[in-house]
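Each of the two complexes below includes chain A, the first together with chain B, the second together with chain C.
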Partner chain A sequence: MDETDLKVFIEGATHFFSHMGGEPAEIGTPYLASNCNSEVKGFTGIIGVTGKRRGSVYFTAPSVLLKVLLITLGEENTSHENMCDMVGEVANVISGNARKDFGSDFLISVPIVVVGRLDKIVVPPELRSFVVPITWKSYDASLVIALE
Partner chain B sequence: MKLMIVDDSNIIRKKIERSTEIEGLEVVATAGNGVEALEQFPKVRPDIVTMDLTMPEMGGIECVEKMVEMDPNVVILVISALSDKATAIEALKKGANGFLCKPFSEQELNRAFRELLGEATNG
Partner chain C sequence: MSAMKSGKYNAIVLSIALFIVFDAGVLVMNFYIADQFARDAVQVNLAGRQRTLSQRLIKALLQTDNALGSGNFIETPLNELKAGYRTFDTTLNAFNKGGTITGVDGESVSIEAFSDTRSRRLLTDTLETWLPLQEALQPMLAFDSKIERSAELIMTDEGANLESDLFHAIMVASKDNRDNRLLKLTNDLAVHLEYESARRATRLRIIQVTGIGLALINFFVILFHLIRNLNKYDAMIEIAKKETDDILETVTEGLFLLDSEYRIGSQHSAALQDIFRRENLAGVNLIELLRGIVPETTLNVARDYISLYFGGRVNENLVDDLNPLNEVEVHFAGDGSQFQTRYLGFQFRRVLVDQELSHLLVTVNDITARAALERELQVSRARSTAQLDMLMDILHIEPEVLTDFLCGSERSLGKINSILKRSAMGVEVYRAKLDQIFREIHAVKGEASALGLNSVVGLAHDIEDLITDVQERPTISGGDFLPLTIKLDVLLGHIQSVRELVARLVDFRLVFDRSKIAEVADDQRAAPRTDMSALLHNLTERIAEEQGKRVNLHCVGLEGKHVPEMYRGPVKDMAIQFIRNGVTHGIEGPEDRLVANKGQVGRIAMKFVPLGDGNFEFSYRDDGRGLDMDLIRNTAVDKGFVSADQIEAMEDRAVMALIFKRGFSTSTEVSSDAGRGVGMDVIRNLVNELSGRVRVSTARGEFTQFKVTLPAIPRDMDQAA
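For the complex of A and B:
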């Protein structure tokens, strides 16, 4: 992972919220994370990456952000199920859009959604994991990228 | 005209349904993966299908290929987050008629429908 790789995901997150969220998100300064569990905000969509690159991409957000995002998309049902669907879809779109730069060998899984703290899922210590802080409509979320 | 929506996200399925502004285009079926889609396809015989690619059970590329085998006249619009050219080309080679990247706007979706249905109508 280098700055160029990181920029791909930052552009993906920016594009997602500008396009789907009605207004752009503010992207904070990315930083190296030693313990990603501290970034978990309630709902987390996880995309496994294989192929040319290996690792995971996480999008984690609080329920309030997901509810507002659902309503912005015209979805009045802000149930737990739909919040899980939403957080997985954000992770899927940001990761899928990365193939524009990384190519079709950047293979992504369907989203896995975890609610609550990620007690058992930790980023491998040998990977440099970056946290990208995201603020959208005053709500904080994080994008965590852990790739070889 | 009959529309079938295939996507593993319920939110996206409903967004496509809500966003569709084409007169006479009616959603007749939705499916959450390729297997479900192929079960329903011969029963509802849609004129146009929106197809996600990354789905559990059976992905969209395989599903496109099988749908075209069942009905060579079906019009398929792939709607996917996979934004690389090679994936779009592969989907088109398998028989898809158009490719729309997620995230998409209502305008982009309806423009894609109009283009594809116009092409289908005009032969």
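For the complex of A and C:
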């Protein structure tokens, strides 16, 4: 896995919080995970990546973070739907950043949102994912990068 | 093709030609007879006039005579007689010989002499009948009709002569008139002409009806022929279309025509829709179709390549050879956000019409199975090559020892990952994490080095470099760990690869050994599977050789199962660190040893013994140069572990304890075996983790000794072990 490629996704996430969240998010020490479901925190926005590298990138966050984020953005309605939209929006920003930085060698999918376990998501079991802990206003989220 | 076409249309062309001929024939005949009809009409009219004139002449003759006799003016009847005569005579002459005369409408008309027998005969009879009257009328014609009064005229000779001539003429006319011969003849002539005219009209109608009938028959023949042919060709087209449809429905390839605007033609195989997972492909731009399922670079390549085909100058075979689209990776949106990757092979052929490039015939195949197999083969080949290199690295190591190492390493790397996963943040926490990771990785490196696993040593060394680099930064963030995590992933992957290779080797050896199994002695089979001392001997030899030294290692209690299971790992790790330190720093080179009145070969003794109180003692001793207390003091001050004042106040015992500090090394160079100042730190941590103690004793120029005391193992744990 290439450090530059990983950074593109991480920067996408931090960029979101710096510009939309009012204060920057802090990145914890990245680690490896062989089971993506163990990293799921409730709401997950997923983007598919293919081309030079293939796999998936997830932004997963607990509902509390999404609620605070919604309120920070001026949205008082912290309904389930709005939280889904919020996590999808973060994934969208990550995806947009990746599209911009990776240019023409990659295809980046439109994000989808999954609540709870990622049952339908197929990640090769031999593929270890990089998990980047993200802490924003003391709430924890994770960016999971599972690319071949 | 054109010959077939002309054959197909010959009958139609012939039929249409006949239709035109028939119509033209009827038309020409029509014109001819219409002209004849007009002539007949003139003749009939003139003949009718003759009939009337024949009566009017007699009437004018009698009126003239009556006027003369009664003394009235004769001018009017005489002039009428004259006019009637002239008209009758000229008309009769014209009937006989042809000529131009005044018609019934006062216009000049040109008529031909009668030619048919019946007309000629009637005319001859009329002329014969007319001749006596004509002669008898000559005196009246010559008489000057402008004499004013008739009463006077009769008195004159002229009048008397005229009366006489009139009388004669009346006699001639009366003679003739008795059987109305002239009237009858002129009437017969008129009737005959009328009859002729009617006959012609009937003939014309017959011709017209026949011509039109033939034209109609011809028209129906054409129509029948056309419909039959159209039906035939429709049926042929239907069959051809059905065949084409069957082919397009059945063929497994995507087939279509592509125009110069990259548009797909209206006809394409059904498989194309399956291949592109989309319907209604007719007229769709191929580049747009590919957009979204291939990266932009592939899209540009496709556009450029296809344009080569439309640039007619380029040789088709040459372009075929260069085809970058014979294996295109496409990605369809699958379930969720996942892409489904397929491989498509495109082939292009130019379609020429009249030597001009019209379209490209494009064949698309889903070659996913083949491409996947090829890729698998490539990966497998690459893995085999990598494993071959790896094989050289591990061939000298006993598989059991190696497996032992790999399991231990995976545990260590798992531990490192757990350290990374701990969620605490902050610079100090990060530094502590780096220290812990360093110790773990250093232990892995040590053992790998002992086994001569250079690839693992290299990767572990890289991780150490990364840690050292991050440690030196004034502030540390979580993101700084990213390269470290990436390297950890690489090392884990590498260890997994080695594991796979070892598994294969073991399998291979089992098969190989089966043939010789009878030869294997029982005692050999009973031999211990892992031997720590062998590992340590190897390590000692390798490092000594690298350092240009000669060292003899003597191990006691490290063979077989003397070391309890629970302590086996830590003791091995400690032994490795002791040897790496001892050979690198303790044992002198052969020449120095000679100068110091020692044997060229250095000695290291390691011993693991149970103590009477249930505890264990693991000791290390070398006959090297001993610890250089001054060097340790200076290094400690230089590296900032203690201040100059503090060191002055410290006893030797405390100074010696400094060598266990993390990062303490008296070496000026960093090698894969020593120099980072971590080895002693690893030992201290292991001892601490096991709740043991370590003591150091040394004599300058004589020896260095470490004694590690490990506590007794609780009974239940011992049994578990």
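One rule holds for everything that comes next: the second predicted complex is superposed on the first by the 139 of 148 C-alpha atoms of A that agree within 3 Å, B and C clash if a C-alpha of one lies under 4 Å from a C-alpha of the other, contacts with A are read in each partner's own complex, and residues count from 1 in each chain.
We take it that a contact is a pair of C-beta atoms (placed from the backbone, for glycine too) under 8 Å apart; a residue touches a chain by one contact, two chains touch by 3 or more.
Everything quoted here is computed from the prediction, not taken from an experiment.
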- request: Report clash or fit for the pair chain B and chain C bound to chain A in the combined superposed model.
  value: fit
- prompt: When the two structures are overlaid on chain A, which partner does A:Val110 contact: first (chain B), second (chain C), both, or neither?
  reply: both
Message: If we overlay the two complexes on their shared chain A, which of chain B and chain C does A:Leu32 touch? Say first, second, both or neither.
response: second
- request: Check the residue A:Pro133 against both partner chains and state whether it touches chain B (first), chain C (second), both, or neither.
  value: second
Query: Does chain B (first) or chain C (second) touch A:Glu89, or do both, or does neither?
result: first
- prompt: Just chain B (first), just chain C (second), both, or neither: which does A:Leu6 touch?
  reply: second
Query: Which partner does A:Arg54 contact after superposing on A: first (chain B), second (chain C), both, neither?
result: second
- line: For the superposed three-chain arrangement, angle chain B-chain A-chain C (C-alpha centres, nearest 10 degrees) equals 60
Task: Figure out whether A:His19 sits in contact with chain B (first) or chain C (second), or with both, or with neither.
output: first
Chain touching more of chain A, residue-wise (chain B, chain C): C
- prompt: Between chain B and chain C, what minimal C-alpha to C-alpha distance in angstrom results from the superposition?
  reply: 9
Task: Residue by residue on chain A, keep only those touching chain B in one complex and chain C in the other, then list them.
output: 103-104, 106, 109-110
Field: Contact set on chain C toward chain A in their complex
entry: 292-297, 300, 331, 333-339, 341, 417, 420-423, 425, 430, 433, 477-479, 481-483, 485-486, 488-489, 492-493
Interface residues, chain A side, partner chain B - complex: 15-16, 19-20, 70, 73-75, 81-82, 85-86, 88-89, 92-97, 99-100, 102-104, 106, 108-110
Field: Complex contacts: residues of chain B adjacent to chain A
entry: 8-12, 14-15, 18, 54-56, 80-84, 86-87, 90, 101-105
Statement: In the complex, the residues of chain A that touch chain C are 1, 3, 6-7, 10, 26-32, 46-52, 54, 56, 103-107, 109-112, 114, 120-122, 128, 130-133, 135, 140
